[in-house]
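Two complexes follow with subunit A in common, the first pairing it with subunit B and the second with subunit C.
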Partner chain A sequence: MKYITLIIVTAFIFICLFFGLNKKDKTLNSPLLNKPIPEINLVSLKNEKLNETDFKKEILLVNFFASWCVPCIVEHDFLFELKKQKPIKIYGINYKDDIENLEIWLEKLGNPYSKIGIDKTGITGINWGVNGIPESFLIDKNGIIKHKINGVINEKQIKILLTKIESLEK
Partner chain B sequence: MTAIIGNISLIFAALISFYQFLNIRNINKIRFLNPDRAISLQFFFVLLSFFSLMFAYIVSDFSILNVYQNSHSAKPLLYKITGVWGNHEGSMLLWVLVLVFFGFLISKFDRRLDMPYKTLTLSFQSLITFIFLLFILLTSNPFILISPVPLNGQDLNPLLQDPGLAFHPPNLYIGYVGLSIIFSFTIARFYKGSFDSAWAKLIKPWVLLSWSFLTLGISLGSWWAYYELGWGGFWFWDPVENASLMPWLCATALLHSTLVLEKRNALKKWTVFLAFLSFSFSLIGTFLVRSGIITSVHAFASDPTRGVFILMICAFFIFSSFILLTKKASSIKEEKLITPISKEGSIVFNNLLMVALLLTIFTGTVYPIFLEIFTGEQISVGPPYFNLTTTLIMGPAILVMSFAPMLNWKKDDFFGLLSRLKTMLFLSLLVAFIFFYINSQGPIVAVVGIFLASWLFFGTIINFFERTNYLKKFKNLNKSFLGMTIAHLGVAIFIAGVTGSTLWKVEKIKTLKVGEKVLLNNYSLNFDKIKKIRGKNYIGHEAEFNIYKKNKFIKTLKPQKRFYPVQEFPTTEAAIYSRGFSDIYIAMSEPIDNSWLFRFHFSPLTPWIWIGSIMAFIGGILSFSNRMFKGK
Partner chain C sequence: MKKFLILIIIIFFSQNIFADENLEKKAREINKKIRCVVCQSQSIDDSDSILARDLRKLIKQKLEEGQSEKEITNYLVERYGEFILLKPKFNPNTYILWLTPIIIILFGIFLIKGIFRKN
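Let's look at the complex of A and B:
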């Protein structure tokens, strides 16, 4: 009897693993997907306000980054690449960073961002459910989160982004 | 040409292994292809195929897709060679190579086995080989060609361009895959002979060998992560780390239950169950790593058909062994009951704890997968869960482990035991108190950790002195006993290392300019120089730190930050100064203008983690060689 139980439990585990293997979308789905953007109330690098109203005008990409984040350097070139292929606004949220370092960083690598919000305390990061940077969100013109990218935006991610943007424009 | 040789060898090996399995019923007839010859041929062909791939890597033959994807002509020779198993296809080939190597070892060197049993075991081993060769040929063939031939390759992931890759996977695989031979031994025993102490004697050295190499492989991997990933930790509860820890726990339980079966002819079904479970977890581990079902540093680009194939392999072996156990369980006769206060009682106790820990870790590892299937939610079960549960389960296990070797078989005296523990208790409390005195700010759990470590240490030492009659009988000492002593001492040292490293670590993250310094636990680390470096396939920076203690110069450390242009990938080469009792660890990050970001660690007792693991490995090997070559 106990062996039968063992076999049943094992079979259950296997069935689950099988379904796990066939998950369609392997990217992390944020619970924020298809919901309005969470609270945001920041001061930008140029001392302007950056809040919800800024997000309800056009399709944009919100990119959480920091000068201390090594993968962000790798990602940086791809942000320019994305802008080259599709003129889209990118808002940067500078996460738990030192402003001085950030300015040097931007000077050295260039600035692909239309606006940079300074999230010194990381509160915005928490509100947006950021696990680790870089993380990026694609937002439609109504301020609804349509897509989330965990980690570096690379060539492959750019392709996905372009198709998503295209479908949003229709 | 290389690809053709590699491919044909694989096909030959597959055909021979299938033939050997089919002839399972005709084992007594000596034929043209007798079992020993067949297994040697399998080994020869897989080795030939493996060397073909290695050759293709060495000469940078980019007409082979696998070489193109994972190598580059500018890569140093060592990494061209190790790159062979730095990718999915090549590492599966290594897997099979170890698989046939074990069959070969048994056929050639294990003189203790009688012919029919050996033949039967080798037949089952050949079945495993056949199925995995099929997997390679159908889904993960490393010899696929591309045309037109690219001019250069895409290079290997820079994290893998490290001597660690030369040692970690092969050793780990010897351990992992070595469990397959235990599985074959067990299945074969259902058809020939019975599960008795003679059988336990037969499999014990092989369990010891697999266990030792699993220990070595895991600790090498952890050491590699410690200095290469630049995070400063030794264990991250990454699903792939868990995948290797689970078979290890199982093998540890099996090692001890085999001992009970050998000495007392008891725990038969349990030992058989553990033998199956160990191989099952080695397969499940392979599945978790290879299928890409979970994301981790180790997961290679995956293709769903592979995952399904490995899952089917897992299901096939696990179900057939469980069904076999169900059908034949009644034929295994358990005669003896086990009393709690006895050596076997304590082993059973620790066996149960090991399996409990195994299930806890398994749950933590697959829970996110299950949750996602049922709710679509995605979570990650991180270190908080694993650290807590592991500590709670391992605590009692260590308490018992200390005095278990002192106990008598069959039955021991409870009060007699208590009186023997007095000295140990006194000494360990003393050590714990001294540590508390030195570092009273640390968390109280750390003191408990040190207490447990010394409890185990003194228990093992005292037992050793008593058994050798205070070293008078040292000359005719049983090597297996010596091996056990060394391994248990290793565990004690390991626990102290883990305690110090996780609970007393001091971490500082600072941006420094050349000429500035940082103070870390009585040490002054002076950032004196930075220079550009250029390797064969990378560029980067090297910082120079001179370390002083009370104005006395101690050592220069040179952490590096490298960038590999072909893969567009930066790596951190941490610099570590190991002082026996602690490590000073420096990892550097990207430059920001003239300043550089550094991460400094002062980790007390951290080197002990690896000293302890190596001791456990040596103990296991000592015991193995004693049983294999001198024992009956």
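Let's look at the complex of A and C:
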């Protein structure tokens, strides 16, 4: 009897570890999902304002990026690809960057963004719960965060984004 | 008169220094409880990552604005989830985490008791 209980408990612990450690989706869900966008009040690259009023008209994507971020270079082409497949607005939030470097970067790689907000201090990043760039948020017409992508937007993520956008348009 | 003025100036500045020291101490206390989300099991007090530095700055700023520790941790949990707390709260999501060690200890005690009784 003693051994049976021991075997059952050990088996239970191993089963828990097996399923826990094999979990494919290791990304943490943002607590901001299905909530209104957090505070944002930035000056854009063209000296315009980027604030909450810019977020309540249409479905759009917010992409946190920087010229010093290597994965952002990989992602950049996919942002153009996304716009080609679905012409949605993409707002870029330039995270803790140097403006001169940013301008050179955009000139070299092109500019997929409708507006670029400058987050020099990183406070907007913290407000949006950003861990590390690139990170992107899909926002619906009412300014609600519907999806978050931690890391690079790639082909797979584009497919997910297109499905999400389609369901939001219904 | 001169001595009196000097005394007032000293009192005024020492008060400011003590207030700054208290605020710094409080900020460090909070920093030690906040996880550096981009590091491996480190608090933002121990980490030198960019995000940890920004969070330390923000916490100090919020304390200066007069916010309480609870208000500051709530602000961070709303954005990063409870994962940002090094010591997770006791709630339905963390029952297993908090209760498993107790269950295992109890099970061990009963097991040892059983073995001794048999012997």
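By our rule, the second predicted complex is superposed on the first by the 145 of 170 C-alpha atoms of A that agree within 3 Å, B and C clash if a C-alpha of one lies under 4 Å from a C-alpha of the other, contacts with A are read in each partner's own complex, and residues count from 1 in each chain.
Everything that follows uses one rule, which is that contacts are C-beta pairs under 8 Å (C-beta built on N, C-alpha and C of every residue); 3 or more make two chains touch, one makes a residue touch a chain.
What you are looking at is a predicted structure, and each value in this text was computed from that prediction instead of being measured.
**Q** In the overlaid three-chain picture, which partner chain does A:Tyr113 touch, first (subunit B) or second (subunit C), both, or neither?
**A** Neither subunit B nor subunit C is touched by A:Tyr113.
**Q** Given the touch rule stated above, what does A:Asn101 touch, subunit B (first), subunit C (second), both, or neither?
**A** first
**Q** In the superposed arrangement, which partner chain does A:Phe137 touch: subunit B (first), subunit C (second), both, or neither?
**A** Neither subunit B nor subunit C is touched by A:Phe137.
**Q** Does subunit C touch more residues of subunit A than subunit B does, or is it the other way round?
**A** The partner making contact with more of subunit A's residues is B.
**Q** Once the shared chain is lined up, is A:Phe65 touching subunit B (first), subunit C (second), both, or neither of them?
**A** In the superposed model, A:Phe65 contacts neither subunit B nor subunit C.
**Q** After the superposition on A, what does A:Tyr91 contact: first (subunit B), second (subunit C), both or neither?
**A** It touches nothing on subunit B or subunit C.
**Q** Of the two partner chains, subunit B (first) and subunit C (second), which one does A:Asn22 touch, if any: first, second, both, or neither?
**A** A:Asn22: touches subunit B, not subunit C.
**Q** So which bits of subunit A does subunit B touch that subunit C touches too?
**A** 6, 28-29, 31
**Q** Mind pulling up the subunit C residues that touch subunit A in the complex?
**A** 37-38, 50-51, 54-55, 58, 77-81, 83, 107, 111, 114-115, 118
**Q** Subunit A touches which residues of subunit B in the complex?
**A** Listed in rising order, the residues of subunit B that touch subunit A are 287, 291-293, 295, 304, 307-308, 311, 314-315, 318-319, 322-323, 325-326, 329, 366, 369-370, 372-373, 376-378, 511, 568-570, 589-590, 592-593, 597.
**Q** For subunit A, which residues count as touching subunit C in their complex?
**A** Per the touch definition, subunit A meets subunit C at residues 2, 5-6, 9, 28-32, 38, 96, 121-123, 125-129, 131-132.
**Q** Considering the complex alone, what residue numbers of subunit A touch subunit B?
**A** My answer: residues 3-4, 6-7, 10-11, 13-14, 16-23, 26, 28-29, 31, 67-68, 70, 73-74, 98, 101, 104-105, 108.
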